[in-house]
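Consider the two complexes below, in which chain A is the common component and chain B and chain C are the respective partners.
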Partner chain A sequence: MTTIQQPRILGAGVDRVDGPLKVTGQARYPNDVNLPGMAYAAVVRSTIPSGRITRIDTTAAGKSPGVLEVITHENADHLGEAPATFIKNPQPPLQDDVIRYYGQYVAVVVADTQQNATAAAGLIEVDYDRHEAILDPHDPRAERIKDPWGEDTAWGDVRTALKRAPVMIDQTYTTSENTNNPLGLFTTLASWDGDTLTLHDSNQWPNMIQQVVAAMFGLPRDAVRVLTPFVGGGFGAGLRCWSHIPLAVMAARHVGRPVKLELTRPEMFTGLGHRTSSINWIRLGATRDGRLTAIEHESLTTLPLDGDEYEPCSSVSTWSYASPNVTARDQQVRLNIPWTNFMRAPGDAQGNFALESAIDELAWEVGLDPLEIRLLNYAEVDPKTGRPWSSNALRQCLEVGAQRFGWSNRNPEIGSMRDGHELVGYGVAGVSFFWYQQPCSATVIVRGDGSAYIRSAVTDIGTGTYTIMAQLAAGLLGLEVDQVEMQLGDSSMPVGTAAGGSGLTAALGSAVHDACGRLIKKFVELAGTDPFSPLADVPFGDVEVSEGRLFRKGEPTRGESLARILAVHGLTELSAESTSTPNSADQMGMTPAGARGARFVEVRVDEDLGRVRVARIVTVNDGGRILNEKLARSQILGGTVGGVGMALFEDTVTDKDTGRIANATFGDYLIPVNADIPDVHVEFVGEPDAFNPIGVKGVGEIGLVGVAAAIANGIFHATGKRMRSLPITMDAVMD
Partner chain B sequence: MREFRYERPATVAEAIRAVAHDPEADFLAGGTTEVDLMKDGVFHPDLLVDITRLPLRGVRRNGTMLQVGALTTMEELAADRTLMERAPFVVEALLRGASVQLRNMATIGGNLLQRTRCRYFRDPAVPACNKREPGTGCEAVNSVARMHAILGASPACIALHASDVAVPLSALDAVVHIQSEEGERLVPLTQFYLMPGETPDRENVLRHGELITAVDIPLPPEGTRSIYLKIRDRASYEFALASAAVAVIMDGPVIKEARVAMGGVGTIPWRGFEAEEVLREAPATPDTFRSAADGTIRDPFVVPGTAFKVELAKRTLIRALTEVTS
Partner chain C sequence: MTTLTVNGTEYPLDLADPRVTLLDALRDRLDLTGTKKGCDQGACGACTVLCDGRRILSCLTLAAQCDGREITTIEGLESHPMQDAFVRHDAFQCGYCTSGQIMSAVALLGENRAGTDADIREYMSGNLCRCGAYSNIVAAVREVARHA
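On to the complex of A and B.
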């Protein structure tokens, strides 16, 4: 089925199609939606990390002006179990008196205004029987889970290889907890109509919310409709059905009115999960000339008491570099903390910092240029299976990046490049990102006027799904981009997958690609039934499409427009649906590779005060085929900013006795400001990936990965101090 | 809704009367401290007396003095030409504070009275905070204290006074005009703030119902060089981990006269009288600067999270002295 012309619009940096709606305030985010008769909810959160509620007094709150209802575990509806969807979801809230972490919901108040609800929530008194909490990952009483996903990996004989290695690096690297902090406050507006439920909800996966809510409330899935046409960012925060969602649904049922529950910023810190801290133990064995002979990578990350999380930090060590002997093992430890959860590049962000720091240490140890050591150990094939990669332009990323950055100007001696009080350092890191794809469905429909639209229950979390899918389909259907509309964010559309794991573009794009092919085929078949059609006896394989017309290859006048074919057959629309499923590595005979990248940074370190400034960043990435260069660049830029945050600022701090998150505001939790971000040079290299029909590898997360290691490596070059713990603050750098 | 009354009197006397006669009343200037703390549930005034329409706005030159109305915004004061020429470090301190949006709202009177950023003070769910609830203890001493004070602190409270502009103003011996029903009194800024001691809830000499009407800034002699150096984790929009305000009059390589104050380290804006002693008539050398720094950061009260600030503060002062004298 190669009838479809090489897409002609792909790659163009088309402006975000939803841009005008967003900048003029017309895009309706969940918290912008208001319904007649709507009431407002405010939550009450626990102020102990572990124990039981002994008394909860809602008398004053119940009498407070405007209050319609107060729900606690004493009068909450009994809800059904929350099913796991790829990963566990929190079990329904307010089902018992047990407190598992500081910030757990213990009550919800519903009132006629937000102000009344919030004021009344402050009047609820809770007494606790406080139990001792386990908050420190090193606490021997904490439950440890070994090999949590059955993915621990080993090949060769690491122990012997390390013993024999002439050069060895043996170090520990730690990263802090980070909080996703999408700008849009997560909101659920729940509205019942008899036994059907509509949710306007902030999330990254409407069908997941639909499934979980339906199960908890004992409804058929069809009875729940989740609408998320816009969401103010997610960074992973919207990948589970968090407890405020069933709270809003329960509240709406209690008061018989639509109820809006908008989280506050501090509530966003406890209610939507956060990136786990990590401890990474790495041992590298190498020859004297810097060739890796062994990698051993173990990690420890954290879990809440009652949740799960997939953060295989060590996995980067199984695919980043060629090594004949590798062990990668992960462990998790359960603590009385709010849920840990996916945050932009889960596992990889932390694991890469550790591995790329260790590789850098090895380069210094053997006296090799940090760029050279990465090229030297480049994995030509998948080191685990020996299979070829579906694509892997890591080498090109490193080479092109080095050139753009001017790496050759680097004086290798530590502290040799100085500018006044500032020590200048150059740092590099390579990035090999994970591959991820899930099934996804989409329908493509051509209307009577020749325009088209696509439907799929996915979300556009700001990444550009609206735009790139319109571009993709326009190319495949021979239409202009503005003739194609992407409709999404509605669970009643064809089942969509999550906007997560950098896997949506491949999953949805493959479905759209296939649906467009099927649709053209339907048109050709339809034309074939019309003896007067110029295409009447043209075989499908000979048909091309351009400017909304089908025509015979090499004979552009012999053809018919899509609109005309529909008109002739008295049809208003013609549609085709497709569900993509990821290819199998066995069948393809190759290992699917995620995106690849290289980071080059110039840091400047104040020699007395230890303050680190990032002066320049070059980020080169292999994302396979780039559907829209402008939007892909935005993803990389945003990721880079996140990477600088992870490296130098972001740290979700927990009080060691109470488990309270101590800095749950934007005043206290530092993210970079504009003045912290230098000019960032973004470039894409590589080839279309061979593992999916549209050749893409997602670029939503990779931009963040590697930035922290490159900064730390640059600080070493500037100062001779190895920073093995994130974030890197001036007290650590200062002598 | 937590209800409160709101009044906007037209005269200073009415405003003072309204607050003085209601123990639960607060003045409202730019609101960037007051309203934040109301939303956080830390302040619960039953009456807000909006003073923003009172005729207390603007900067007047009065001989060798600049008289700054209490309602002058941070941006307005930062744009004052005389100040820029004669005491640029005040302007620098203003412009390195907050963000431009906040500085357009925030007033000089309000800035001097801003409350600490201590995370335990600002969250009423935390039971122990002597400043918020006298006698309950201090959560910060045992917790996360990176942004806290090392000078003037006590086990009862280590909260930082986070104002930037108060630092150079202390160095210049600015004077606060305080009006009450009884009349006006003048208090030098260096005597305006109180150390926490056992009563961290009392932060300054102001009594309930007293209004700051103006701040006098004595202009340093022509030829004075000054600098405000603010050290923080990120490049902007953050309070200081350490800051130094320094003004010097040089005579060749010798410092004739010096004024020193530090921010980010004290429970009050920290005037460095000892440093000034050391610097007066001393050569501008690294040794001099180091002794000045040692003299300023003396007997610190540190907790694990603040220990690094001792050396950071000293180096910040040394850097400021190096830059301003070279």
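On to the complex of A and C.
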């Protein structure tokens, strides 16, 4: 709809615009905000996984120094139902005596200092009537939900194809529970002013928090303001309105002061959800030369008693490879566990590990190079519908990656590439990531001095939204990047979508793109009303924009600056708003393809100890158009680190007797440290995607996917041992 | 009365409550919130500050222990080249661990432990980065160490 010139600055690896604030300690995260008269809260959590509270004694806590209030289910406010926002939110806390999982909030203490609140919380005595808990996904008493999202998929005749297949792989792959663990402790600072409420809150979607809190407390939405200019990471943890948020709000109302509730690290394990464990059953049928004839993928993931979760692990098998017969089914099982929730690449991370391990097994079975088998079964079009992809450079990812890695130096024989006491293995995995986009609004405003700013109630969780949106708008408005400011993290701004599903850049970017076009049109129309303007008779389609000036195409001298147009018309600023909505696949006649990628890893396995070290990684990705190469590279690097964690370290261990998470600290729940991460080569290939006007796909999650499979496949090459369960620990390698 | 000397300024502090950690004193009492709390258990390094020039975990240090010592926090760095290098190498994403990473990296230079990439990786391993900016952190530290 716009004819504004091709942007000049897009893609440039400009430094993060919020960088200076972050390296000087000046960026204020929610827990950095201190308000006058502020009190501190500490929570008490259940120590059983299932049952009822029979007695809760707060006498000692109430008398403890500095304590202002103790709230339990016996004196809690009755709150309204939490609405679903794309997905369910936990119902309000402290509404009854029922315990559904270990770690559920049973009380909150408010005191004048954090030390006093924490000490008093330890004085609360709770007695329970403990019921038998269901903690094992295989427990026959557990509720099983088949086809939870109505997305089970089948085409062809998998059963017959498998029966007739000359070669079959039939294996089970499991992944453990992982915990998001953003480094920033999630915090809610709640402050009432009459009937209006302000929250400084850690989340990835301020309008979602606003909507849920307003509903719970019976407030109009605009009486709740949620501020999240910075958040210490999320990885999905900030996509629901968790129970500590209404607790802080309730506590602030009780004491008539602002209340800060900062979760502790152990509370971050039970209070913000975690990546579900998964069991994946995969059957592949193939010809003797390695051509797939059937893929059957079934998964089982977990749910808490009263929540939901979208984790379609099997769906990767419906779009990753060409196969005439495919069945993909998912099931969920309800357990007495803390909530399962989105974590970087939900479903895909686990499903890809299973599928890419199975494809590797098939390669060995038929004697094909693991790279070759992926190219042989390449999905040139959407295998489900036969439609063309909006773009798909997976082949290029695999080919470029192989070249950069030196895949051709690989000796295919198992255990043949030894270096001292270390066995060397090369592993590869392909990645076809899901596509996701939601509606999003933004306003773009040009000020009287010719500078501009953008407003949208989104968050920048470290992905670079502040920077890339300034770049995008600068290109579209003909300004320098430092002339454009992205304002975000405030629910009172135009309604923003979640920083999730790798979908924010497409959603927000499309809105900014459209708003910039509308804004330029407004300027042209405004100039058209001024008979002295050099642009007076110039139609919108003939206008170009550069260096803060509008001018007639090909006649740079015939124009005037945005600032001058505003001045002539006595305006201090001019704005345009837009709401983007995802295009329709039917109307576009194509299947929107998420990002694509290839992983190549060299692993080193200590023959005596079974220790696995990742020696180098090449990761090549098709993210469509890349708005900022430096920041996009960082997203891939970060995803890669997460992938190494999933492969080798991360395992949230639930005690099978009590339901307690047994390793809920950074000392016990291992994530990669600097020394675990080798040289990582990141490269982008592909072309602008056709499905949205700015051509992006989103690269926040794909970097993680495929790393685990590539590592497992490399370990097989090194040792001949097939790792079908994550994380891959020393004992499994030595077994 | 305890006197905390932070970034060259003396702060008299009433520490009637001996449980107050240096981290909480900085953040809650002095409003120096650049130093971050990531675990409060000495496992993540987000709270790293310098005490008499050495890096320490402020969450495992009681404020009362710091009487008469010189504390340096991220707010006390005066345009250190490490800060600029972190920005240019994009050595952070969410930025929450960054203060601790930078304080650790600055101390590392003085410890003569930034000679090789392997050393930088090893001696920066007490500072977790969940966003996974490790490679860029190494690049930033390497560059500053070479020009030091």
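Methods note: the second predicted complex is superposed on the first by the 732 of 735 C-alpha atoms of A that agree within 3 Å, B and C clash if a C-alpha of one lies under 4 Å from a C-alpha of the other, contacts with A are read in each partner's own complex, and residues count from 1 in each chain.
The rule is short, and it goes like this: a residue touches a chain if its C-beta (ideal position, glycine included) is under 8 Å from a C-beta of that chain, and two chains touch if they have at least 3 such contacts.
Just so we're clear, the structure is a prediction, and the values are computed from it rather than from any experiment.
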First, second, both or neither for A:Ser416, with chain B first and chain C second: neither
If touched residues of chain A are counted for chain B and for chain C, the larger one: C
Touched partner set for A:Leu609, first chain B, second chain C, both or neither: first
Which of chain B and chain C A:Thr54 touches, first, second, both or neither: neither
Partner chain in contact with A:Gly642 - chain B first, chain C second, else both or neither: second
Partner chain(s) touched by A:Pro672 [first = chain B, second = chain C, both, neither]: both
Which of chain B and chain C A:Gln403 touches, first, second, both or neither: neither
Touching partner for A:Gln115 - first (chain B), second (chain C), both, neither: both
Overlap of the chain B and chain C footprints on chain A, listed as residue numbers: 113, 115-116, 119, 667, 672-676
Residue ranges of chain B in contact with chain A within the complex: 1-2, 41, 117, 119, 123, 125-126, 139, 142-144, 147, 231, 233-238, 241, 308, 311-312, 315-316, 318-319
List of chain A residues in touch with chain C within their complex: 15-16, 18-29, 31-32, 34, 113-116, 119, 181-185, 230-235, 262, 264-265, 461-464, 630-631, 633-635, 637-642, 665-667, 671-677, 679-680
Complex contacts: residues of chain A adjacent to chain B: 47, 65-66, 113, 115-116, 119, 122, 421, 608-611, 613, 648-649, 653, 655-657, 660, 662-663, 667-668, 670, 672-676, 729-731, 734
Chain A partner contacts - residues on chain C that touch it in the complex: 17, 19-20, 24, 27-28, 31-41, 43-44, 46, 73-75, 77, 83-84, 86-88, 90, 92-99, 102, 120-122, 124-138
